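Naming follows writing order (A, B, C and D), and every chain is counted from residue 1.
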Amino acid sequence: MSFDKKPYFGILVFPGTNCETDCFHVLKNILGARCKYVWHKESQVEDINAIVIPGGFSYGDYLRSGAVAKFSPIMSFVRKFASKGGLVIGICNGFQILLEESLLPGAMLRNNTLKFICRYSHLKVTDTDNPFTSGYKSGEIIRMPIRHNEGNYYIDDNGLLEIKENNQVILKYCDSSGKEDASSNPNGSIENIAGICNKKRNIFGLMPHPEACCEKILGSDDGKTIFESMVNNII
Amino acid sequence: MLDVEKEYIKLGLKENEFEKIKGFLKRNPNYLELSIYSVMWSEHCSYKSSRPLLKNFKTTGTYVLQGPGENAGILDIGDNQAIVFKMESHNHPSAVEPYQGAATGIGGIIRDIFAMGARPICSLNSLRFGKIESSQHQKYLFEMVVKGIGDYGNCMGIPTIGGEVYFDKTYEGNCLVNAMSVGIAQQDRLMKSKAFGTGNQLVLMGSSTGRDGIHGATFASDELNEKSEARRPSVQVGDPFMEKVLLEVCLELIEKKLILGLQDMGAAGITSSSVEMASKGNVGLDIDVAKVPLREPSMVPYEIMISESQERMLALIEPSKFAEIKNICNEWNINCEAIGTVTDNGLYRIFKGRELLGEIPVKTLTDEAPVYHHEYEKPKYLQNISDDILQEEDYKKIEKKYSHNEIFKRMIASPNICSKKWVWEQYDHMVQTNTAVLPGHDSSVIRIKNTKKAIAFSCDGNGRYCYLDPFRGALIAVAETSRNLACSGALPIGLTDCLNFGMPEKPGIFWQFKNAIDGIINACETLDIPVISGNVSFYNESFGKAIHPTPVIATAGLIKDVDKIIDSAFKDENDDIVLIGRKINNESVNDNMGGSEFLEVFFEKVSGKCPDIDIEYEKRLQRLCLDLIDGRFIKSAHDVSSGGLAVTIAESCIYGKMGAEINASLLGNNFLKTFYSEPQSQILISCQPENLEKIEKYCIEAKIPFEKIGKVKGTFISINSEIKIGISEITKIFDNNIEKIMTH
Amino acid sequence: MLKVNVYVTLKKEILDAQGLVIRKAIKQIGYENVNEVRFGKFIQLEIDDKNKSEEEIKKEIDYLSDKLLSNPNIENYRFEMVGK
Amino acid sequence: MLKVNVYVTLKKEILDAQGLVIRKAIKQIGYENVNEVRFGKFIQLEIDDKNKSEEEIKKEIDYLSDKLLSNPNIENYRFEMVGK
């Protein structure tokens, strides 16, 4: 792999985004990829191979999480980029923005506990036929932190049928043995869904934070595979 | 025209203080000037009761770059890096409006940190409430305070990595909310708050100014009573999104070298921040209230000057830089106005446009503010506390009533002992991806990216011990935080404190205060830990009754090699479990049951003698623990603190998800005393059996007692064959009890 | 069955951070003519009024609004009966 | 100056966790007769209508409510002009 062929990630920054440096650190220092921050007021970004919409509280999440960010100039670029098949990953607040922008189906409700949740959760990788989780084994159980107020994924019955038929469900909350039920569901999310992709499989949204578990010193490096999968699929 | 002669009392000034003001001005102050004096001379801003005593702290040391006096203290951690931290109370606002009170407390302390040019990297908090089992109101306070802290810190993207929570009747009418924030900075980018350079400007950035928190500083310097309810305009509300933006703007301005000084706005708003800047630089200042962006146009000058609207900062700049600064603020959508100009006349002058509204010599607001040397006297209640609290028959009675398993379970279930998971799971404690030891262990650890270093933090205070003996209680608080750090392999390098007490005018309270300070001084001298910042909160009383004296200490420790960090969890089957530090003869001095959790759980009383501590001995023990960790001889370390040895063993088992078989020698044949008393200077460690001999040698050399008390084994905790409980059963109680209480 | 709507709004003098963000978003969308936005809560109650007079119910709602639905430190409330 | 109130509520079929908690709290206080509670948002707008007809403004509000103030996947909205 020659130096200038290294994949190049654009990391979006909105006012209130707070995981952009975490993503930057993983991509640059751990994966050795190139990356740059992209301010939400920009409307064109050159040279990038993938877009990361990181977590945080864009605009304070004051109206609904992700609701205000979608009006930023950068979002029409994201739309264009994605329609040409570019890889887009939305993590936590990034996932919420993708839902608000209708780049992914469904919507996010408040956690049914009505509390912010920060803890490690077990996840089942239910699909590996996509550029984001291709590095995992199908059905593999991994551990990632979840950190959110609104991660209670909702989609109506028809929508649910559709995303299941198209294998768009990629991550599900479960327990250490892989059981997906109410007790392993941290937030009330429909069918324990933690992450989904679009029909074309180039846009991925997930509530857990893979960037927060890419080093053993932080307790887990299960998240690294997601970024590695992206890198491998870009090349 | 108002009759100021009558107004000064309403503003919380005393008659002699009013006379002093007239002397300084050589005339009657007008209402605006009087308001400014009243907030600047409030206990909250002037430390008029505590200043003389705080002077005696040890504030210098190997690592200290900045001691108390600036917005926060600074420690050198090598590689041109520094950490900046401070703790502050927000007790009264939280008692009246727990959600906003706690949120703005966090917001305030975070501003102190980035005012120094540091990026906040973590927060901690120390909380005290009444008993949540028996009161809906205490539950409500607890719930809302935790939510307020969480919502603010989470939105800011600053991990809340630790703290402590205690429940005791004494805090029923006056909860304590102490928040601490920590930042990291390049040493050459540190900021000061001093104003200098005639003609330089003060720029106000951030939120617009509204009527919130008018007279908040005076409010904080008053006891709580029925009237507090009616003083609601003092309540401020927080906007963490604005603060996040303000943080990024300030750090960008510093990075681009556009500002000369920075000061946060906290209590007493524009007044105190600008006066402090002027006073530090020995300059005068002209403020124009007409330039202040207002939320409510009808606000009058004195309201503008003392409003405590949150999320505002004041920067010192050269006028030529204003346009560029304004551009950056516009990019982020926040206000930016030049509201003040540095002068050389030593006067603090307030204008509205061209009209002069008030004029006060700067130093009369700060250095020449009144100082009180209060009287002190050993409080009477101490005469009625007996030393011997539990006789052999009392222990027998308990053992007759409950099995040892039941006693153990009751102790583990106490809200003061069981896991505070319910709290920290509402805090984002992982954002910024540096948290190497998550909450739940003796100390929380933040690694410093791109280095091998890490910083550990521990926070502690024991109101019951301090009630029985404020000197020893405060000394223990320092020793315990330091011991907690030692348990993760960190060398303590500096601390911050928050001193929560009743009314300083009462001689008994002031005696507690004085003794607690002496205790801190004593511990800091011996353990070689400087005090680099802190905060005093007086008037923690409700209906005339003071809380237990509650000095809270938070200490930072430096870890040189992240790969050597250990925590308190047992790691491997068959590892040896060793107790280091216990002096078998301890009991003759003191039964170490005084102020214990056992006494509270089974007898509901706070009495006896505060546990004894030999601080020189403590120092040797901590040194030993650090050496053992550095040599990689041990796999876990956990200090014995509230709840005693049984609780310590249980926690190491629960965190490690492993059982233990314990067989420890009994103190005077008394099982309960052995396992539930709270003697100081003990650490429970675990190690590979091969290392046992080496460890023993180290202990002998350090003259620290050593006793192998068991092995990591199986899925049960078994203690001297009296207690035997499955790990999963005890874990359930430990993990879920607070949640259970809160949902009832 | 009686339906009651309770409206809870921040007091005038209290900072409305949510309202401010919404207003800025509206301007960004291009609607310059929206001058002020206040954000509040809206709670719909369905009440069984078989055994109670309207007066009694009003008193209850008033109590609930004050103690539970709003935070009197920072919020005002008002309610209306919207019929059966 | 025109005042407009926008009400945003969760769709019927969606579980309203906040509403449920409030209902439980109300029962705990002792009011057994409150059967359902739905929690919503209430946004007050102040609009400069000098250069625009009411029809135009209605269209604008409709657009804003649909695109910004509510999420049509989970929420309904309605608004009313409450006068000048």
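Operating definition for what follows: a contact is a pair of C-beta atoms (placed from the backbone, for glycine too) under 8 Å apart; a residue touches a chain by one contact, two chains touch by 3 or more.
Everything numeric here is computed off the predicted structure, so don't read it as measured data.
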Contact-richer chain pair (by C-beta pairs counted) among B-C and A-B: A-B
CA centroid of chain A to CA centroid of chain B, Å: 36
Where chain B and chain D are represented by their mean Cα positions, the distance between them in whole Å: 41
Inter-chain centre distance, chain A versus chain D - centres from mean C-alpha coordinates, in Å: 30
Residues of chain B whose C-beta touches two or more other chains: 239, 241-242, 333
Residues of chain D touching at least two other chains: 41, 68-69
Junction residues of chain A - those touching two or more other chains: 59-60, 62-63, 67-68, 71
Chain pairs that touch, as defined at the top of this document: A-B, A-C, A-D, B-C, C-D
Residues of chain C that touch chain B when the two form their complex: 12-15, 17, 21, 24, 71-74
Interface residues, chain A side, partner chain D - complex: 63-64, 67-68, 71, 99-100, 106-107, 109-112, 114, 152, 154-156, 188
Touching residues (chain side chain D, partner chain C) in the complex: 1, 7-9, 19, 22, 25-26, 29, 31, 33-49, 51-52, 60, 64, 67-69
Touching residues (chain side chain A, partner chain B) in the complex: 15-16, 18-19, 21-22, 25-26, 29, 41, 55-57, 59-62, 115-119, 145, 147, 149, 209, 211-212, 215, 217-219
Touch list for chain C against partner chain A, complex: 17-18, 21-22, 25, 28-29, 39
